[in-house]
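Next come two complexes built around subunit A: one with subunit B, the other with subunit C.
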Partner chain A sequence: MKNINVKKHMLVPEHSKLTKKEIQELLEEYNLSLNELPKIVSTDPAIERFNVKLGDVIKIIRDSPTAGKSIYYRVVING
Partner chain B sequence: MNRLFKKYEGKLPLKVINDIKEKLPKKISEAKLKKILEEVVMEYNKMLVQPGESVGLVSAESIGEPGTQMTLNTFHFAGVAEMNITMGLPRIIEILDGKKTIETPMTEIYLKKPYSQGKNIKKLALSIKETKLNEIVSEFMVNIAESKIELRVDEKRMESIGVNYPVIQKCIKASFKELALSKKGDSIILKLSEKEKELNQLFKVKEKIKEVYIQGIKGITQVLPIKKGSEFLIITAGTNLKKVLELDFVDKTRTISNNIFEIASVLGIEAARQAIINEVFKVIQNQGLNVDIRHLMLVADTMCATGTIKGVTRYGVVKEKASVLARASFETPIKHIFNASLIGEVDHLNSVVENVMLNQPVPVGTGLPGLVTKVKREPEWLKNKH
Partner chain C sequence: MEDNEIPVFKKVATIGFSVLSPNTIKKMASAKIVTPELYDKEGYPVDGGLMDARLGVIDPGLKCKTCGSKLKECVGHFGYISLARPVIHIKFVSVIYDLLRCTCRECSRILIPKNKIETYMDELEKSEIESGLEGRRIKIKEIIKSLKTINKCPYCKSRQQKITLEKPTTFLENEKRISPIEIRTRLEKITDEDCEVFGLDPKSIRPEWMVLTIMAIPPVTMRPSITLESGERSEDDLTHKLGDIVRINQRLFENINAGAPEIIIEDLWDLLQYHVTTFFDNNIAQLPPARHRSGDPLKTITERIKSKGGRIRHNLAGKRTNFSARTVISPDPMLDLNEVGVPKLMAMKLTIPERVNEWNIEYLKGFVERGQNKYPGANYIARPDGKKKKITDETREQLLEEIQIGYVVERHLMDGDIAIFNRQPSLHRMSMMCHKVRVLPGRTLRINPTVAHPYNADYDGDEMNLHIPQTEEARAEAETLMMVQTQLISPRYGLSIIGAIQDAISGNYLLTKEGKYLRKEAVDLLLSAGITDFPRLSKKEFVSGKEIFSVLMPHDFNFTGKSKSGKEDVIIKNGKLINGVIDSSNIGGGKGLMLRNIHKKYGEAKAIEIIGAIFRLGTAVLLKRGFTIGISDADLPREAINKINEVLIKAREDVKKLIDSYHNNTLQTFPGRTLKETLELKILELLNKARNETGEIVSDYSNKETHMIIMAKSGARGNLLNLAQMAACVGQQAMRGKRIEKGYKERTLSCFKKGDLCPEAHGFIADGFKKGLNPKEFFFASMTGRDSLMDTALRTPKSGYLYRRLANALQDLKVEYDNTVRDSNKKIVQFNYGEDRIDVSKSDGGIVDVNTVIKSTK
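Showing the complex of A and B:
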């Protein structure tokens, strides 16, 4: 896709990739396994720039009308 | 003081912290502030939804109940004939069911300065619209004797959308390589080649040539420049978000389509989630109803949890359920039970519906916690008895 900067669009919240260590901490904190997290497909335009691979976790900081900011996590799946 | 706030960022949502900051008196000691924050954290935790609360059921009721009062008709756009938008209940059903092709696709195109102030707005709007040959040709004349087609071009119309003869000729040439083109006055003459001289061929070409694409973005059938607040924007019927966002004069941060699947493929699943919330909320507000946005957020989260949009239907969200009985209880029970028995599926009875069927306490509210005890080790004397 030429000259579309998805990142700047108002509907797209801030995405960032977690490191291995951060994933580990996240799973421990909430007592989860990876496949219990919500998913995001690897071809998603919003995470195109990260060069993601399967099992990566994407941290999403959303603007929320009720909480100001809310944090969400998605695990990368094939798609 | 900011250091203290920072410490509470994980415990309290940002909005609450900002509210506290705003309402604090100018001078306050650190100890007192800490006391306030502790108190707020306590109150906040009290207000959180209890574990085991059946939030989905509450959402369903909260959206469904005002849904009974919604209008069933579609609104007509003020001023312009034939531009109508699906609203009310049909629109909500369309979104929540995850329909891939929606009834009235639409884009709101915001423009960059100076175009947003109204510069050339009409011309821009028309340049976006998909134009076919029959819109700028006033008459198609078929000359059977010489196997020619004469196109009389409407020059006024041509000027208003900003194309000229060479462009048109090029467009025709691109899709009909066999034709010989010539220009005479305000008409273009097409001559069929020798081997296609048959009569029915001539009429076939005439029909086909009407659909020749001249300019604009494919899929956009109508354009409407309007003024919203202090700026101009273009509303289109038909969508092609990807192509629209590639245009230079378009504000790439605010332009949106009302097709959530399109948004998901161009901007990603998170944008689609936000779009679902916005679209449903817009409809509900338009009807003068009041539904807490948290319910919509929950529905949108559920629909987008798998990375692609899943409608709330037996093909979407319900299909993702782990339990056979829960799926069977929704729609087409026999199909689900047959398939489950064929592959030997196991139902772990972790959810509500299947437990209701089996007359067991449902894992909701006080039914959720189980009893956990430590099993005492067998005493030595008992072991010896066996």
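Showing the complex of A and C:
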């Protein structure tokens, strides 16, 4: 099978990994614990290159029909 | 709870079902039942009888002997009886049957060699991991099936006999009956280890518990007796059945103790088995159901739960409510938007409780005096201790004297009372709105036609429900949250969902366009609409329609907008309509912008008042002027008909040229299409263009004064396309986006040549509805008609289910104060509501127009 780089696909939004400090700030801003964030499995092709560990937070910047750009965060879980 | 503290939830991980052991039954019982007698001579419950006072209370005022609480506080307590001989529990017959056949008759070990038991258990674990508990159960069934044929015990090597079940509760081994005692001893001997292979957890289910030696007696609270009007007591079906059990059980005891012959004991034993069986289930195929003296079968435990009349479907899934009503609805524009017309008949059945106090006692006494049959009267009064008394002609005088402060009078529904009105399916929150009651003669519930839209109601037989809130809190809540005027703006798209419709639009259109009236006539019109603000009309002899309409507007209202045609500006200055006509784009629902502005500026109460007035004015104008349509509205001059024919002939020729070029292979194909597809697309385009051209001819030539055109232009009903279909040409009938191709091989009907591609052969209808269709055209119209009918019939339930699932999935999502959307566990779903944080119901069609906001702050 041909190897496809999903992150180059037009429908895959921009993913990036947060630093420890950024995670802390995010959780404080929304008054959250990690398990209240939306989830993403560690094997998700879009975050393959980040070498993620459990509890890492991924920042996703999506195109939005209502707001132009929208920012979303997901916490890495096993799977 | 602290604001940021998240409550700890306990999650239900598993639910286990088990069988009551004799010990558990004894432990949870608070009385041993020994006698079938219920009451002694004085009418008090007998100790050790079925209505023993230790089993709970069913009489008001008494206290429970076990827990000391009163009626409704005490949930009741179980009792028990010990059976003289063991009896098989009917609901476990199949399990017992399996167990007996799969275990050795001598040593009661499972018929699997010791070394293999583990492999079987492993297999069970494996199938549970693969396909869950369901898979495990299936696997257990398979194992049981494989064991039935083994006829030599792997442990004691004894030969196994064939065991059969003679329904309902008799087990035979080699045609010889095994007594329940024998069955019980066999089940007792099954080891805990073997139990697990059968899927029983020996800690909560021991096989021998399925043969009853001790029976739990349900508390009296679940089988209350009813005192009839004659003062006689009527016992519950369960009590009757339990009485039978206890009676036979006592006789069996006596006979055993007296050393009666075995046949008599066996007969009594069988009878006990029958009574215990029918106590659990009175619908066993092989057993005659236990009956009342009157002949109708008893309703025992299984019947209480099962099927349509049972607890689940009747009481849990099908809850019913009091203080509600339902009938056919009909429209009445003379009602306010937030009113509902209630038939007097209903108003005399629906009641509102009012507590008597110092100030209203005389007022409420009036209701009691009028009683049930005079409106407005009262149906019941309630004492402070909760005792309700019906008001009848006999009791009225007495109740009138008894009534004092603290009593509650349940008076008839009256004008101005609060009611919640609903039409199913309740798909959005506007399906249940709060209305004020108007008691009217007649037998239908009536609503202002403008509120039909949020309910999605029409008057072809629709029925709606009315609910009367019974407490002050409920009424206040309904009024502030659900009143019609609070629901003017739909949260779905932020536009008004209530607006003038139909006659109201064409009426106002005619009024503001051509209206010229004597001042007296104008006053008459306004009076019909319920407006008395006549000084606002000029003192001239003649007033224009625009002036009349202006009377409805607030004094300081300013508005500029477009009319439906988009050509004319609608200008309202200081409450005066200066220019333009009023049509659906201003006073209609949805994009009714004028209404939206009034709502924003003057509030919801004023908004519904004005909508109601506009509606009544519109209908009054039409009543005065007269408004009707006929076939002649679709008449066209000779010239127009000729032009239409020319267009159609031209189109037919063009299509013919296309078909020829297709046959000569001179047709240019579209990229990505076959030659045939290209041809079809081109033909469709051509024919649609022809139809549109005829439509234009119709709108150019038709008489602008006809009411059909007026309705289309004002946006009251119909559009120009409908008119064109009537007057000129119905057009191409399409199925699945293509011309009609169904029917015979290579042709649609047998009157066409095979492979004929001309318009007529594929569903082009060149005639209009007024002229009439020819048989072929009619057939094609029927095809698409049938197709769309089927389509809607099939799509409605599908999309309804889809919507239901969506609503259930999203139902407890909530926008928090930090604009995040979270579920009930405070988990985040969206970081910003809708990604743009806009509350649609506070925007204009989902858009926040920054320019208007800036303007309004200046």
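One rule holds for everything that comes next: the second predicted complex is superposed on the first by the 76 of 79 C-alpha atoms of A that agree within 3 Å, B and C clash if a C-alpha of one lies under 4 Å from a C-alpha of the other, contacts with A are read in each partner's own complex, and residues count from 1 in each chain.
By our rule, contacts are C-beta pairs under 8 Å (C-beta built on N, C-alpha and C of every residue); 3 or more make two chains touch, one makes a residue touch a chain.
Here the structure is a predicted model, which is why all the values come from computation and not from measurement.
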| item | value |
| --- | --- |
| Subunit B versus subunit C as contact partner of A:Pro38, first or second or both or neither | both |
| Touching partner for A:Tyr30 - first (subunit B), second (subunit C), both, neither | second |
| Partner chain(s) touched by A:Thr66 [first = subunit B, second = subunit C, both, neither] | both |
| Contacts of A:Ile4 with subunit B and subunit C, given as first, second, both or neither | first |
| Touching partner for A:Ile77 - first (subunit B), second (subunit C), both, neither | first |
| Touched partner set for A:Asn51, first subunit B, second subunit C, both or neither | neither |
| Residue contacts on subunit A - larger count, subunit B or subunit C | B |
| Common interface residues of subunit A - those touching subunit B in one complex and subunit C in the other | 38, 64, 66-67, 70, 72 |
| Subunit A partner contacts - residues on subunit C that touch it in the complex | 4, 6, 818, 820, 822, 825-829, 831-832, 834-838, 846 |
| Interface residues, subunit A side, partner subunit C - complex | 30-33, 35-38, 64, 66-67, 70-73 |
| Parts of subunit B lying in touch with subunit A, wherever the complex brings them together | 13-18, 242, 245-246, 252-254, 256, 263, 265-271, 274-275, 293-294, 297, 301, 304-308 |
| Subunit B-facing residues of subunit A, complex | 1-6, 8-13, 15, 38-41, 44-47, 60, 62, 64-70, 72, 74, 77, 79 |
